[in-house]
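Structures follow.
In the two complexes that follow, chain A is the common piece, with chain B as its partner first and chain C second.
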Partner chain A sequence: MDPSEVEFLAEKELVKIIPNFSLDKVFLIGGDLGPFNPGLPIDVPVWLALNLKQRQKCRIIPPEWMDVEKLEEMRDLERKEDMFTPVPSPYYMELTKLLLNHASDNIPKADEIRTLVKDIWDTRIAKLRLSTDSFISQQEAYAKLDNLTLMEINTIRAFLLDTLNCMYKLRSNVQ
Partner chain B sequence: MSDALSDDGSDFNQDGTQEDVMTPAELIAKLEEAWLNEKFSPELLENKSEVVECVMEQLTHMESNLQRVKKGDAKASIHRMEIDRIRYVLSSYLRSRLQKIEKYFPHVLEREKSRGEGEPSLLSPEEFAFAKEYYANTESYLKAVALKRMPSNLQTVDMLKAVPEPCLDSFVFLRVKERQENILVEPETEDQREYVVDLEEGSQHLMRYRTIAPLVSSGAVQLI
Partner chain C sequence: MFIADIRKDFYEVVANQRVVLLVAPDIDALCACKILQALFHCDQIQYTLVPVTGWQDLGTAFLEHKEQFRYFVLINCGANVDLLEMLQPDDDSIFFICDTHRPVDVVNVYNDTQIKLLIKQDDDLGVPSYDDIFRDEDEEGEDSGNESDEGSEPSGKRRRFDEGAVERRIERQRAKREWEARRREILFDYEQYEYHGTSAAMMFFELAWVLTKDTKDMLWWAIIGLTDQWVHDKITNMKYVTDIATMQRHVSRHNHRNEDEENSLSIDCMRISFEYDLRLTLYQHWSLYESICNSCYTSCSFKLWTLNGQKKLQEFLADMGLPLKQVRQKFNSMDMSIKENLRDVIEESSNKYGMKDIRIQTFGVHFGFKNRFLASDMVHATAALLESAEKDDSETDNFIKALDALSRSNIDRLHSGIELAKKKLIAIQQTVASCLCTNLILSQGPFLYCYLMEGTPDVKLFSKPMALTLLCKYLLKAFVLSTRNKRCKLLPLVMAAPKDVEKGTVIVVGIPPESETSDKKNFFGRAFEKAAESTSSRTLHDHFDTSIIELKTEDRSKFLDALITLLS
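Moving on to the complex of A and B:
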């Protein structure tokens, strides 16, 4: 799966915006949105929020977890634990990138948040690399990966699945 | 004054052939699930033609509404973006199916031929016609290019043996939607023993496709 396809899935998440226009209810195939009133916050999917922001029709409100103290706590917890800790959002990496690229003026301390999320990501990817290594070398047949996000799984998907399939073929031909 | 775009699609549910009435939102969710499952599964999955047809209906309905509205309407652009997104998922789904049909065409046709009466079909009528044409074209190509120059007792090719089967023992990532107990995990090497695991709802796992294949078709797990 392409990272842009993971981003496509992440864009379905809801985010709060404050529109500066008014529009009555929109009946999308995927659900109803609105009505939009200037100055009143409303939840919309990220793909719409980004489009409206680019046309300067709204302000984006950062999600609750996108806060410096909370992210610092999560980063420290992630560094302490051996296992994967629960994530702020199943799409934290994509949302951070999208919201900080398009709406950094609406998000306080954008640079610090970027650094913190990158730290969390690096720690998790390092843990993932270690556990992948032990999975392959001990020839396990099953793994539980509860707190992993789709983006993290996607980074090792191609390599891991191909390796495991090759090893299986080699093993079954020897027997 | 009726707004062409304020039609909330509720007339979709009046289609008498639908046995379980789904909201459009549920329909789109089902399409996305089918898309992900098809993308990550090593074999061709059951055909979801009702979902595909209903989604096409919704899309054409919405597009004809949009045609009637004047350009530059704020709502129209929002609807158009949504249509593009749904269209992408639908074409990606159909494309992965076609890729698998081309890759495993003799086995797909064999499975379709040997399925029981009441079982759901693997291929839609168009996909079936495509698979048969592909088979016939490949056969005639091989004959014209190489086989007719071979000695006469070597001029046939058994397609089922010539084309590799999908590898059902590939590993897949999955997320559990309904709790499952006692799923057997087979050992990789000879000194390991097989053991059972319980799959909790909402958890994610990495295991062989073969053991969980029936769970994918029943919708109890989702490939990710």
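Moving on to the complex of A and C:
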């Protein structure tokens, strides 16, 4: 899977916006997009929110977890625990990138949030690497990892599967 | 016809239509085009962008697109000629013209159906009133009708009637001749001087503001459009200051949100700030020394083409306590202690050397950690890109490159533009120095004249109108400060440079005389036309600024003689 495909899937998540135009209910294949009234907040998928933002038709409200204190707590918790802690959102990395690239003027303290999310990501990837390392060196057959997000799995998937295949070939040739 | 409500009469009319944007090759037009493109993107209005370099280009573009499009938006072109006569459009083509060229042609002003001018009516236009120029034709018909009736009367009374009728007819003809003479005079006065009005970019920014779709990007483009008019000396100082004040109000409005300490904006957001900054071109992207040597204001005040001038410059730097080593390195690498108070220190010292206006009101932008630009930096960089004399690039390519450089995402292009601008400025200063030292500027009586020979270094740069005009202005300023002849100081300057070696043409530019309170009105447009007519020289008045023409090299001397006789 390509990272851009994961990002595409992430764009289905809902985010709150405040539109400045009015439109009746729109019926799309994926679901209904409810009537838009200027000044009233409404939940829409991220892809629509970004498109409207670029056309200056709305203001994006950051999701609840995108807050400096909450992210600091999560980062500290992540650093303490050995296992993976629950994530703020299954697509936290992609949403941060999309929202901060296109709507950073609507998100307070955008720079700190970017740093905190990167810290959380780095810690989790480091844990993932450690656990993969121990999985291979101890020649385990089974591993259980909770709370991993699709993006993190995607970073390691291709590499891990190929290496395991190669190692299997090497082992079977030796024997 | 002037548009009263730009939103209702322009934007909502084109809202669901496809439009053609015909854009002239100057920075103000580029900025206006960018703002309009951004608005069109927001509302998904389909448009075709056609850069036009002159009247012929405009005609060709119109012919290509007139079948498919009804609405044409002309930016910085088209207001100063009778557009309907030139293009011969169908009755349903509508033209929206946003042009800074003045005077606006009277036919364009008084046409109610096809020509809509996106110009403010109080923009010091001085348009003659309708009755002074246009007269209904009915009165002619009455005259001849009366005469034929009275001619068939029986003879007795006829004689008396005849005399009365003849007298009235003579009276009417005299009145008509008088009216026509007055009309010619009024039109001559109105169209004699060419000047510039409010920036097109500012007009479109106001449209965006009225639609409440204005962003900081658009504001920055409007500021660049205004600064372009100032850098290329198109508007008076007074107008520049007034327009800066208008922009300052918009800037404060946009900066209102930055003030909140709790929710400070990301560093990547664009921040525009009002600066009372030095008049040294590109000094933040160059070394201070180079910038002082190559900026028109300082170079002319010190007279840096003389040895004395160089000495004065060294004294100036010593007076400020700036070590030469610091001053010659890149500005960003100078010591912080020097950079902190640089503006005030320079202002104090320059007052001693007679440079009272070393600081000018302008705006700067700041986004990301590295990117800081002043409005004049952007103007010079974009102008250098627009007129880059590379062999392989067509004019459309240059236009697109320059347009791209204005976006925030194309910083590389902007930096390459800055490098080109530095080369251009150095070339200008060297040419000015060589022209003055070799006395290439000759006084021809009513004006000064200078011809750049073909072998002059960098002469290819000066085959482009904007670069040549800039050179012209710098040369005139430098000449006025260096000559002792009092009469020569008040003369305008005509400059010629080779344009196309194969075709054997030169480009001729005329600029008004240099003065503190100049109103920047240029009469060379009409003068060139008349001189070309009287000598039947082969000229091409293709440029939107009528004071820039192309001329065959062989006809140069007779054209000049005609010009001299015309103006003396």
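Everything that follows uses one rule, which is that the second predicted complex is superposed on the first by the 168 of 175 C-alpha atoms of A that agree within 3 Å, B and C clash if a C-alpha of one lies under 4 Å from a C-alpha of the other, contacts with A are read in each partner's own complex, and residues count from 1 in each chain.
As a working rule, contacts are C-beta pairs under 8 Å (C-beta built on N, C-alpha and C of every residue); 3 or more make two chains touch, one makes a residue touch a chain.
Please read these numbers as outputs of a predicted model, since none were measured by experiment.
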Three-chain arrangement built on chain A, chain B and chain C clash or fit: fit
Looking at A:100, would you say it contacts chain B, chain C, both, or neither? Reply first, second, both or neither. second
Is A:16 touching anything from chain B or chain C once the two structures are fitted on A? First, second, both or neither. neither
In the overlaid three-chain picture, which partner chain does A:145 touch, first (chain B) or second (chain C), both, or neither? first
In the superposed arrangement, which partner chain does A:108 touch: chain B (first), chain C (second), both, or neither? second
Between chain B (first) and chain C (second), which does A:56 come into contact with in this model arrangement: first, second, both, or neither? second
Which holds for A:70: it touches chain B only (first), chain C only (second), both, or neither? neither
Tell me which touches more residues of chain A here: chain C or chain B. B
Minimal inter-chain CA distance - chain C and chain B, angstrom: 6
Considering the complex alone, what residue numbers of chain C touch chain A? 41-44, 213, 215, 257, 262-269
Using the touch definition from the top, list the residues of chain A that touch chain C in their complex. 55-57, 100, 104-105, 107-111
For a test of understanding, state which residues of chain A touch chain B in their complex under the given definition. 1, 8-9, 21, 23-33, 47-48, 51, 135, 139-146, 148, 150, 153, 157, 160-161, 164-165, 168-169, 171-172, 175
Residues of chain B touching chain A in their complex? 5-9, 24-25, 27-28, 32, 39-40, 58-59, 62, 74-75, 77-79, 81-83, 85-86, 88, 167, 169-173, 185-190, 192, 197, 203-208, 224
